[in-house]
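Please find one structure pasted underneath; my questions will follow.
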Amino acid sequence: MSAPLMSLNQLDTSDTLTPEKTQRILEAVLLTTSEPLPINELRKLFNLELSATVLSKLLEEIREKWRDSGVELVSIASGWRFQTKADIQPYLERLTPPKAPRYSRAVLETLAIIAYRQPVTRGDIEEIRGVSVSGSVLKALTTRGWIEAIGHRNVPGKPALFATTQHFLNDLNLRSLEELPPLEEMKSLIDSNEKNSDLPFEVPEAHD
Amino acid sequence: MNDNSVIETNETQPIARICGEPLLEIPQDLYIPPDALEVFLDTFQGPLDLLLYLIRKHNLNILDIPMAELTQQYMTYVGMMRVDQLELAAEYLLMTALLIEIKSRMLLPNPKTETEEEHDPRAELVRRLLEYEQMKHAATRINELPQAGRDFSVIQIWVEQQAAAQLPNIDMDDLRNAWMAILTRAKINRHHQIKRETLSVRAYMSQVLRDLRGRDQVEFYDLFAPAATVAEVVVTFLAVLELVKELLLEISQSLDSGIIYVRSIDVAQSA
Amino acid sequence: MSAPLMSLNQLDTSDTLTPEKTQRILEAVLLTTSEPLPINELRKLFNLELSATVLSKLLEEIREKWRDSGVELVSIASGWRFQTKADIQPYLERLTPPKAPRYSRAVLETLAIIAYRQPVTRGDIEEIRGVSVSGSVLKALTTRGWIEAIGHRNVPGKPALFATTQHFLNDLNLRSLEELPPLEEMKSLIDSNEKNSDLPFEVPEAHD
């Protein structure tokens, strides 16, 4: 164990916690952790000696510092995390084939209904979509950690009620459900006579 | 037959008339090459999706759907799919029935006692179509949001794991509990007999074997530390006797009153 | 799908691969991957258009740039990777206190038998426990430095004799084996427990 060295360093840093040192620690810790870290969690790094306001200010400074790089510090539902900017992804895929699944329309529509109408049962989803929802669709979303059963509706059969998760928000870079794209007004749908704007013919993507 | 006549009271009536005319002929796009049908079927998410497609494709007014045309077109698609014996979800057939029902209800005289809006037989279908379309668009927008793993990746650099810190720690209570569990089990399985011996003897037995390790033999007296207390001498002696008994040690003396040698009978080691 | 935006960016970067852009990509990719990346792998990022020499130079520049931060770019046998510096480790542990792993019941009982009945062979332990002792149990204790083979019993197969070590005493804060809870005391504990018929069968947190 390199304990002696470490405890020396630890003493060193915790004794004189300059803004530079604090930033250095924040940055390193955030780069190390893939889970988003909320401010309250980050305060533990400094034995709660720094206020949320101070940390927020430092985090904003770090965000600013990274602005021109291929990596950005973002604040999402569960807290702060570093992630690559969109233009880096194609390069990453040259090294490793993309792991994230591309979802079929069935999955995406089911997800949208759960996101905007939650909590909903499978029956609710089927009614809106006009077709039965296969178990594999719900499983794909559950496995991804985007939806979860949060209870049961008190009707015969006690169907499970589905809702989106915090993880869903994190994966979509959202801080809350309110940040989802607003639903189109019924009126604009009625008025929309734009032709073929959403023709389904090109769609056949990966099926669930 | 003229669907539009039945819904005169509808506020969007004039537009419906304008739209209705060109749709009297079957649109050209209705012809689909047979081998494309399977793809086609996969493309639609269900009867609502297909209906929406037809409505949007032909620029129909969704609030004043010409039921005859729509039903006819819908049935042509579904009919083609059935001819090709593609597996068609039951929902498509149910929708056919619903469309025909709405169409026929619209031909019936309009009872005056109720408000017109409630009695447009198409209202419920329109509501469902719009709600579905809303969600369909929402799904597209959600899919356009940047997505972890697809459009960006989460940063996680390597952290040195401290192997030592990961090891479990135990205390005396853990040992005590473990031993008590053994004893309790042994008591129940009567055939196991746990002999009780003073711990110190066993400890010294280990110590003696350790002292002998790697050495051919030692003099008996060397087994006793010069500073040993009487108790320690006694326990050590008992340990040696126990080791001899367990065939772990061999004691030899070639001459009367000669040097007593102690050898470890560790064949694996001496071999 | 955000395809248009992404392909724009991609075009943009791959068309004019300035050293700054190359560095920006290298940095982001290395931050994303916790596995070390060899130069040959990194060359794939740029469709092998950049030589290993050029990349090495850029990597050295990145390393230099990070010198004062809590994170360092290192070159190890299998390639390049970012890692936290040692002085960050204590802070990380404040966030996620390493959850104390526990030894299985098999390990604890084996250790107890060796402690109280030493020197013992594996056969002795198995006889007392009534079940076979897996090699991994003895290995765990040997690796930990708590037991050692101190000889072999002179019977067929020449089984090793195990005893506890000084290190074991140190780790348990004992000065000698005599400080272990005396067996007599435990005997009476068990007897009284039997009377109360609430047997301590548990050794509760037994996971293997």
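Chains: A, B and C, in written order; residue numbering restarts at 1 for each.
Just so we're on the same page, a residue touches a chain if its C-beta (ideal position, glycine included) is under 8 Å from a C-beta of that chain, and two chains touch if they have at least 3 such contacts.
None of these values were measured; they are calculated from a predicted model.
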_Most central chain, Cα average position_ = B
*asked:* Taking each chain's centre as the mean of its C-alpha atoms, which one ends up farthest from the centre of subunit A?
replied: C
*When the C-alpha atoms of subunit A and subunit B are each averaged to a single point, how far apart are the two points in Å?*
18
*asked:* I'd like to verify one number: the distance from the centre of subunit B to the centre of subunit C, where each centre is the average of its C-alpha atoms, in whole angstrom.
replied: 25
*With chain centres defined as C-alpha means, what is the inter-centre distance between subunit A and subunit C in Å?*
30
*Please list all residues of subunit A that touch 2 or more other chains.*
31-33, 71, 82, 84-86, 88-89, 92
*For subunit B, which residues are shared contacts with two or more other chains?*
143-144, 146, 151, 153-157, 159, 162, 165
*asked:* Which residues of subunit B touch subunit C once you look at their complex with the stated criterion?
replied: 143-144, 146, 151, 153-160, 162, 165-172, 174-187, 189, 192, 194, 196, 199-200, 202-203, 205-206, 209-210, 212-213, 246-248, 264-269
*Okay, in this complex, where on subunit A does subunit C touch?*
2, 5-7, 9-10, 12-13, 24-25, 27-29, 31-33, 37, 41, 44-45, 47, 68-71, 82, 84-92, 94-95
*Contact set on subunit C toward subunit B in their complex*: 1-2, 6, 31-32, 34-36, 71, 81-84, 86, 89, 92-93, 98, 100-103, 105, 108-109, 111-113, 115-119, 127-130, 144, 150-155, 158, 160-161, 163-164, 171-172, 174, 176-178, 180-184, 186-187, 189-190, 193-194, 199-203
*In the complex with subunit A, residue positions of subunit B that touch it*: 39, 42-49, 53, 56-57, 59, 61-63, 89, 91, 95, 128, 130-157, 159, 162, 164-165
